[in-house]
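Two complexes, one shared chain (subunit A), two partners (subunit B, subunit C).
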Partner chain A sequence: MTEGSNTAAKRLLKEINEIHKAAARPGGVDSGVLHLSPIAEDSLFSWVAVITSSETSGDSPYKGGRFKVAIEIPEDYPVRPPTMKFISKVCHPNVHWKTGEICLDLLKSAWSPAWTLKTACVAISLLLDAPEPDSPLNCDAANLLRCNDRRGYDSLIKMYTSLYSETD
Partner chain B sequence: MYSIEAERIEARTCWICLESESEDTPRDNPEPRRSSRVGRMSSLSIAAILGNSNSTPSASPLSAPSSRTTDASAWVHPCRCLGLDAHHLCLLRFVAERRTTHPGDPVKCPVCLYVYDIDEEADWLGAVLAFGDRATRSLVPYATFTAISATVYIMSTAYGAYAIVATCGPQLADSILSDDGMWGSRTWIGMPMIPIALIASRLDIADNVLPVLPFLILSNQQPISITLPPSPTVTLCFLPWARQAIRKQDLVVYRVLIYFATWQFNNNRAIYKEIWRLVYHFTISKSLTAASTTLHPNTDTTINTAVVGEQQPIANAQPQGFPPPAPPRRPGPPSSLPRLLMGALLLPAIASFAGTVLGAVPFLRSKLPSVFLRSTVGAGLVILGRDIILYWDFVRRRKRAMGNGRRIRDFTG
Partner chain C sequence: MDIEKKADERPSDTEILAYEKTLRAEFLAAPLVGASTGFGALLAEFHEGNIFHKKVQQLSGKAVAFRAIRKDGNCFYRALCFALCEALLNFQGTEWAKRVRERVLDSRKILISAGYDPIITDDFFEPLGEAIAETYSIEKLTEAFEKDYISDTIVCYLRLVTAAELKLNRDLYEAFILDSHPTIEDFISHQVEPMGIESDQIHIVAMSNALGVTINVANLDGSDADLNFHDITPMMPLELENPKSQPVLNLLYRPGHYDIVYL
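And now, the complex of A and B:
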């Protein structure tokens, strides 16, 4: 094992501890991230998260939707960003409809080790309700927003959310 | 949530590996706690990190200590963020990553954007390489464009040489191509222009330029003398005009073609008169224009029926109440790019072949003594023949489409 993956493993264990600690604290559960853990006990480098809209008040079109995110962690993890992709179908201007790829700068160029898997997931849940239609991966959704068709956009999202939301 | 005091009392946590001071793995020689306010951050070079990547640096007593090597467990506080401490080695790895992903950019604290003060050997080679890399990247589009242009240019020149040899024959081509090492504008501009001109000659875009082009190119030659049979220079000057005459259907050649086509289409005396008017007075009456319009649905000739006093025979050949059938495509410029390129670029080969065929007839050989003349006349005949066949076929299909030339027999059984 290289030094890098060693550091990564240590840091990931730390993050697991942090997540458990936060879950034990009253009010420590983040509204946007319902679940975040490694896929299995022995797979420290691939995680799964369940993300929902972090907007508690107001009516987000993603309200009630639960979306699975696959997280692959590189060996030199805190220095390099993890790759995160939606497994669930998500209709969002910055999410690729087929691959689930997420267009978020902090997963690419703006990554720094100061982020954790948890904060990255929170960022994704915030992205759900703050789409950036000028760098779209889903042009149809982005075009609705760019044409200011908020009603059309909302009902499209609501339809796909009710169709594809995870139910567990 | 935390006050500054609480932060200081709490164990320091490395913001990269998230380990805190208390649970540091024990080292061979534990470093005494250093002040986190050390201004300068001494560092390993990137190569040192990579070289030591398989062992903890401090664990190996054999590694020669330099002024820049530090203990792995050393802590550093590189920026003005309170409580944002890091292991020296962790931060070095971060710096190394930044140096590779963002070469040339200063490494900053991701929170307060303070530029880290890094004490490292001036990396001249890296800087030069990074500059070269950036320069290369910005030059790639231009270099690609230049390379493609040069390729096309050279290929065009080679094609031009081939076209000259094919149409002019070995002797004339030799005198044209071998300029005793004097490569003038004819070599650099004229030869690569040959394929371009051939392609343009198949389109309408060059209609206005081509007739004067030979004069421009040949203007610095010796005075042009018109002989019979004409010299290659004179032939070249007349070629665009001949092309114009063939292409422009308003000219006599095509009027005659249309006339015979119309005559076959509908043996009508009115049009028969028209052709004589055309040939003798070079005027086109409205009814002939109308007739040719029905033959050529794509030409936008306006028909003013109010002016036309006489009947329009063709227009009335249509049965009443029937929608006009889709007209067959009029023979015109090539329909696709491959056809255009192939037709244009095969011309010299076709000309050469036709010239050879003409040269096989002794009578024509004596009338057309040079290879170039035979090729030119041959190519012209091929083009004219092709056009006549195409028009004939067009008229035939048009006739069928109009319901003429085809009759269903009554059942006699």
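And now, the complex of A and C:
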């Protein structure tokens, strides 16, 4: 291990600790992030998250959906961002239908080391209900929004959410 | 890059970033903080008769040395911090050094007031805390700044201090930001916090105010006038008995880049 990856490991252990502490606090769990942890005890640099819509009121078409996100962490984390992509199928204007790639500037050019894996997951859950149809990775979904066909969009998303949502 | 891709398969963001990196490889091969040199190499970058060439000549008449900083978008913070740590060593034991160290240590509290979580940000403070220690030497300083993760962590911390300064004193800065960004938070998340994003006048003013140091920028722009200097003094200066005798941190500005000069 290089000295840089020691820094990353130290930071990741802290983040695990904070996630446990938050889980123990009443109301400490964020509504949009159902699960976030390393995939195995000995794999500090590969994590998995389960994300849902963070809208508690209202009528999100993603409501009830549970979507897995694979997180790969570079050795120079947190200076460089983690790679995060959906492994569950998600129909969303800013998510690539085939690869699960997520178009979110904070995962690329706007990443700051002050973000954590947790806050990045929260941002992804917020992205579900705040799509940016003008920078689409999924043009079919984005075009419905661009034509102001909100009903068509919602029913398409609802259908895919019920088809591909992960079970508990 | 794989140009055989079908029309509907755009390159992934990762591929785009990798490609950008190859374009910038030449710059990224340079040391993070170069050795202190004369002005020969800098002069050679410009054609004789060019306005930049003329201004470098003017500068070399006034300055004693030049230190190149890597062109990676983090140059302002890296240059400023190296110049600051170097000045702390040169002015060891003075009231100025004592007060600057206090300001740097206090910056951790300022980050908390601005809403940053100390559990995360204290990690970023550590290398800077070591670099400003009285026991440091110029050799150790150069060595530390040449290590990516130390040097970048310091840059990251100063970015957060800049962000906190902007947030906590928004009345001072908003007028300069709101014509290009909807809120100061938006400006911070796009122009301050991310690594590799270049700095502007407002970042320099914020750093000067936050650290209480005077920053003098030799302005090597393309205008026809003679080489000029921008003296940026803090609005909340350090409490010094003899404020006139404090060191000034000298930087050289060229469009899109900052280096260190010694006057």
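Keep in mind that, in the parts below, the second predicted complex is superposed on the first by the 168 of 168 C-alpha atoms of A that agree within 3 Å, B and C clash if a C-alpha of one lies under 4 Å from a C-alpha of the other, contacts with A are read in each partner's own complex, and residues count from 1 in each chain.
Rule of thumb we're sticking to: a residue touches a chain if its C-beta (ideal position, glycine included) is under 8 Å from a C-beta of that chain, and two chains touch if they have at least 3 such contacts.
Just so we're clear, the structure is a prediction, and the values are computed from it rather than from any experiment.
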Clash or fit, subunit B versus subunit C on superposed subunit A: clash
Which of subunit B and subunit C A:40 touches, first, second, both or neither: neither
First, second, both or neither for A:83, with subunit B first and subunit C second: second
First, second, both or neither for A:10, with subunit B first and subunit C second: both
Touching partner for A:114 - first (subunit B), second (subunit C), both, neither: both
Partner chain in contact with A:103 - subunit B first, subunit C second, else both or neither: second
Subunit A residues touched by each partner, larger count belonging to subunit B or subunit C: C
Which superposed partner A:24 touches (first subunit B, second subunit C, both, neither): neither
Those residues of subunit A which subunit B touches in one complex and subunit C touches in the other: 3-4, 7, 10-11, 14, 18, 76, 79, 109, 112-114, 116
Contact footprint of subunit C on subunit A as seen in their complex: 3-4, 7, 10-11, 14, 18, 76, 79, 83, 96, 99, 101, 103, 105-106, 108-114, 116
Subunit B-facing residues of subunit A, complex: 2-4, 7, 10-11, 14-15, 18, 76, 78-80, 109, 112-114, 116
Touching residues (chain side subunit B, partner subunit A) in the complex: 15-19, 53-54, 84, 90, 93-94, 96-97, 101, 110-111
Subunit A-touching residues of subunit C, taken from the complex the two chains share: 12-14, 17, 116, 119-121, 123-124, 147-149, 152-153, 156, 159-160, 189-190, 193-196
